[in-house]
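The following pair of complexes shares a single chain, chain A, combined with chain B in the former and chain C in the latter.
For the complex of A and B:
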């Protein structure tokens, strides 16, 4: 078994494209769930909007890559409005139901036969739709930091990705220390109290939903750009739940929670997967085959999460005393 | 807000010429409610024909359990929707207004089940009550220089208010770590941060220990002294006696009596509402007192 290779892989993935995508998605959930208490179980819907906006605008409608980004952000805001208008006046549970349903509806719409002309049906959209993005790549070859190596294209995506993460985290920091952020936290604790103090709770919840949604859309952008393809079936509800896992791992309502959560989550997932793979192919575990590694690593991640919830429910950055005060 | 202060004699003079009957007219009503009806299925929880609340007074709303006091409170502050009626605050129709707009207009309420924001500090709880903070808008929030000046003012105001309620030394604690009584104080302090014209307190004394009760009474008197009208729901008769200028009694959704505290308690309708109209008849088969039976 090649432990060096396993560690290399795990380290690379822990700061790689997947980690960035989930970090952005979780940062959006952090605003919505962590600070405002909105249960958005359909964050992947915003990623669909991001990914398909780019791919369809460029490939199906012949727009430029930059127009596509604008289309993506605007569509994301519209989706927030559609989700929020009917549900934000109701109890938190209703938003959860509506968002998870919406994410599935969107996935089924983009994979439908009727819309294959624009969204490519089951096969999704594949093509060089992010060519204008890669044209700006300043790297002549892939970059490597110690054992971590990225290809030429990936290096550019990872660079831009972490810059986006930094901007998103900075915005989260600036907003949550402000009076605006204080109202969000107040809404999380008791929205009727905030309403009785003369604040328009509905509008603040809408803003949080929109802001978090845009962060999810940024995740969708990176996802689509990195692979230059969008596949409907990679946007299953699991994605949302992994993002929640990452958020809780890092600590909800903590500025750096999503970043650290995402890095650790991907490190562990890849580390466990690669270790299993290596030990199986070396014949140490005779009753397993390497095709079973995929599901089994999630079993281990699941066990790890249970331990986290039992022994450190506040996540890495959280404050246990604070958690104990929470009413829900 | 009117900076005029009220002393107790002056307020009692106001009520001198007010009729002691349900729905009586007041010289200067801040709240006027007409034909307010709220039904829960077949049950009519609130059916108030006419009610006026005098500006600058402390008015108590009392009544037995299930009389509809809290429901009426919720209707007036738009936290519940009425089936009919109209009500006015400062002569302005507030029947369909949203609760947050109403608070901005100067009518603020507290809740029977205290709503302390547990995972926010006591200071942040108080700061949330402040008005005109530009940093509460999304884009201004990003730029600290835009809101820091107002934030310092708000913090000063919050600390002063907390000091009045003996909560200043707890300002950096989570509100969730406060005792039940302290939460009541915090909620009142937070509501006062809005500098309201009128404050409506839903059972401010529930679950508060007797020592703290005295200081709360003092606080409520102070609120009135500064010109804020107070309307409160309460079960504690001592408190009603002690601080209210005028008492309104509700039973089965209707207002059954109004008057100054010393007189309204003696009203036979009120005693009947609290104790049942048969409280003087004996519960024995022949209608005689058990005590008399024993002497025979």
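For the complex of A and C:
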């Protein structure tokens, strides 16, 4: 087994494009679930909106890349309104059910034959829709620091990606220390108390849903830009749950929770995957084949998520008091 | 009325017999694995070139185009269930695909398969009218049969929610594992289905009901884990089970080696397979027994008491944990029966539970979360709605209609048809 190669891969992926995408998605969940206590199980819906806004605006409607970004943000705000309107007054599990259902509705709609002209059906949209983004790439070749190597295009995506993460984290930091952020935490702890202060709990929840949704849309942007393609079946509900695992791993209601969680999650996922792959192909585990490695990694994610909630709900760096798990 | 009968008349006079035939692949075909091959021609027999045909399922999608002789060949990447779609926009002007439309489901087990589509002269508007008249009873029957199956799952979901407050996101996987247990016993072990089904029902009830509650949920309740935490644990469990199914049984859909293909009976113009009728009878009997048990037996009455108020029930001497244990065992039993039914009527796949879970959620939300009859009414309504909605929306989007109705319901009557107002807030 080539342990050096395995570690190289794991390190590269832990700060790579996937880590950035999930970090942004988890940062959105951090606002919604971590600070406000909203159980959004459909974060992937915002990623669909982000990805398909770019791809469809450029490829199907002939708009520019920059218009597409605006379209994406506006669409995600509209989606928040649609999600929040029927559910934010109701018990937590209704929001969970509606959001997961909406993410599946969106996925089924964009993959449908009826709308293939605009969204490309099951094949999704593939084409150089992010050309205007890559035209700005200042890197002449790929960058490499020690064992970590990125191609020319990936270097640019990773750079912009981490800048976005930094901005999102800074916003989270500033907002959660503002009076606005304290109201969100108050809603998480005791809705009635906040209501008695004359605040509109409903509207604050909606704002949290919108802000977190926009962060999810940014994740969708990076996802689409990095591969220059959107495919409906890469937006299954499980994406949301991986983002939850990341958030809970790093620590919910912690500013750096999503960053720490994402780096560790992707390091472990790639490390386990590569190690299994190599031991299986070397013939050490005769009852498994390499096609089973993918699902086995996700079995670990599921077990990890259960164990986190049961044994360490505050995550690695979290504070147990700052957790909305006792809620209804 | 007048316009309608005129177009009907035109329709029948132009409707010609079989003109688009997808032949069995054995005839002079290069195709060896699963796939479809055939020829497309218009009603006068002239070959149609440039018609696009897509073969797609959850994992793959391949498209083929007919050549100048109207012939095509599409190989499927893996065995399994596919949706065959003829792109109607690629047909020449004035030609369309006759009833039941350009989409068809097909299951490849080994080797190529044949399908028959009919072409016709006429526009799709004629088609819709023809379709609406002949298909409504069929769709309602299909919907009720599907709704009955969903009701089994939804009943368990609602009982567990009612007694423990847990919205169980891993309930769908109970269906999947019930179906796979029966598949293992039937296909791998080689047991007759009449033996495999009762055995797997008992195994599922014990393992996924009693054991799961005893060793996962009971300790969590004792620790005082909040409901939101438990909901996320159920998500983790769902992921674990789903990917365990994928790693163990593979990605392609499986069929039982009995009753897989059965010719349909024609009852008053409605096509139903005998297996679907027998399963429906079993489901109705099981549901009736469960409802009777909940209403009249001691433990059933205790279940309803716990559902109304656990603390009060506990104070009057009801052993709440014992009730919950019964409810989990029953819930897992019902879920396994639902899973096996879907496995027999359609197929078994690792992802079935996830899709069905959302439909079950839609049903219980419609009927009223936590209510017993609500699960039944909601499921039957959703089942019929899903099928009937295909009259106006494409078949591939039929699940969307159920989820959409759920969202509308939450907007206007969040407690559901039978729910009580105070359960919502």
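Methods note: the second predicted complex is superposed on the first by the 307 of 328 C-alpha atoms of A that agree within 3 Å, B and C clash if a C-alpha of one lies under 4 Å from a C-alpha of the other, contacts with A are read in each partner's own complex, and residues count from 1 in each chain.
To be clear about the criterion, a residue touches a chain if its C-beta (ideal position, glycine included) is under 8 Å from a C-beta of that chain, and two chains touch if they have at least 3 such contacts.
Keep in mind that what you see is a predicted model, and the values were worked out from it rather than measured.
Touched residues of chain A, counted separately for chain B and chain C, are more numerous for C. Shared-chain residue A:195: touches chain B; no touch with chain C. In the superposition on chain A, A:207 makes contact with chain B only, not with chain C. Of the two partner chains placed by superposition, A:133 touches none, neither chain B nor chain C. Of the two partner chains, neither chain B nor chain C is touched by A:35.
By the document's definition of touching, of the two partners only chain B reaches A:185; chain C does not. Using the contact criterion defined above for the overlaid structures, shared-chain residue A:100 touches chain C, although it does not reach chain B. Residues 325-327 of chain A touch chain B in one complex and chain C in the other. If you check the complex, the residues on chain C that touch chain A are 54, 56, 58-59, 61, 85, 87, 103, 167, 169, 220, 223, 225-229, 231-233, 235-244, 246-247, 354-355, 358, 361-362, 365, 369, 393-394, 396-397, 399-400, 403-404, 406-408, 410-411, 414, 424-425. Residues of chain A touching chain C in their complex: 37, 39, 41, 85-87, 90-94, 96-98, 100-102, 104-105, 108-109, 111-114, 121-123, 233, 237-238, 241, 244-245, 248, 292, 295-296, 298-299, 301-310, 313, 324-328. Chain B makes touch with chain A in their complex at residues 77, 79, 98-104, 108-111, 115-120, 124, 127-129, 131, 133, 135-138, 140-144, 147, 151, 154, 174, 176-177, 187, 190-191, 193-194. Put simply, chain A touches chain B in their complex at residues 171, 174-175, 177-183, 185-186, 188-190, 192-201, 207, 211, 321-322, 325-327.
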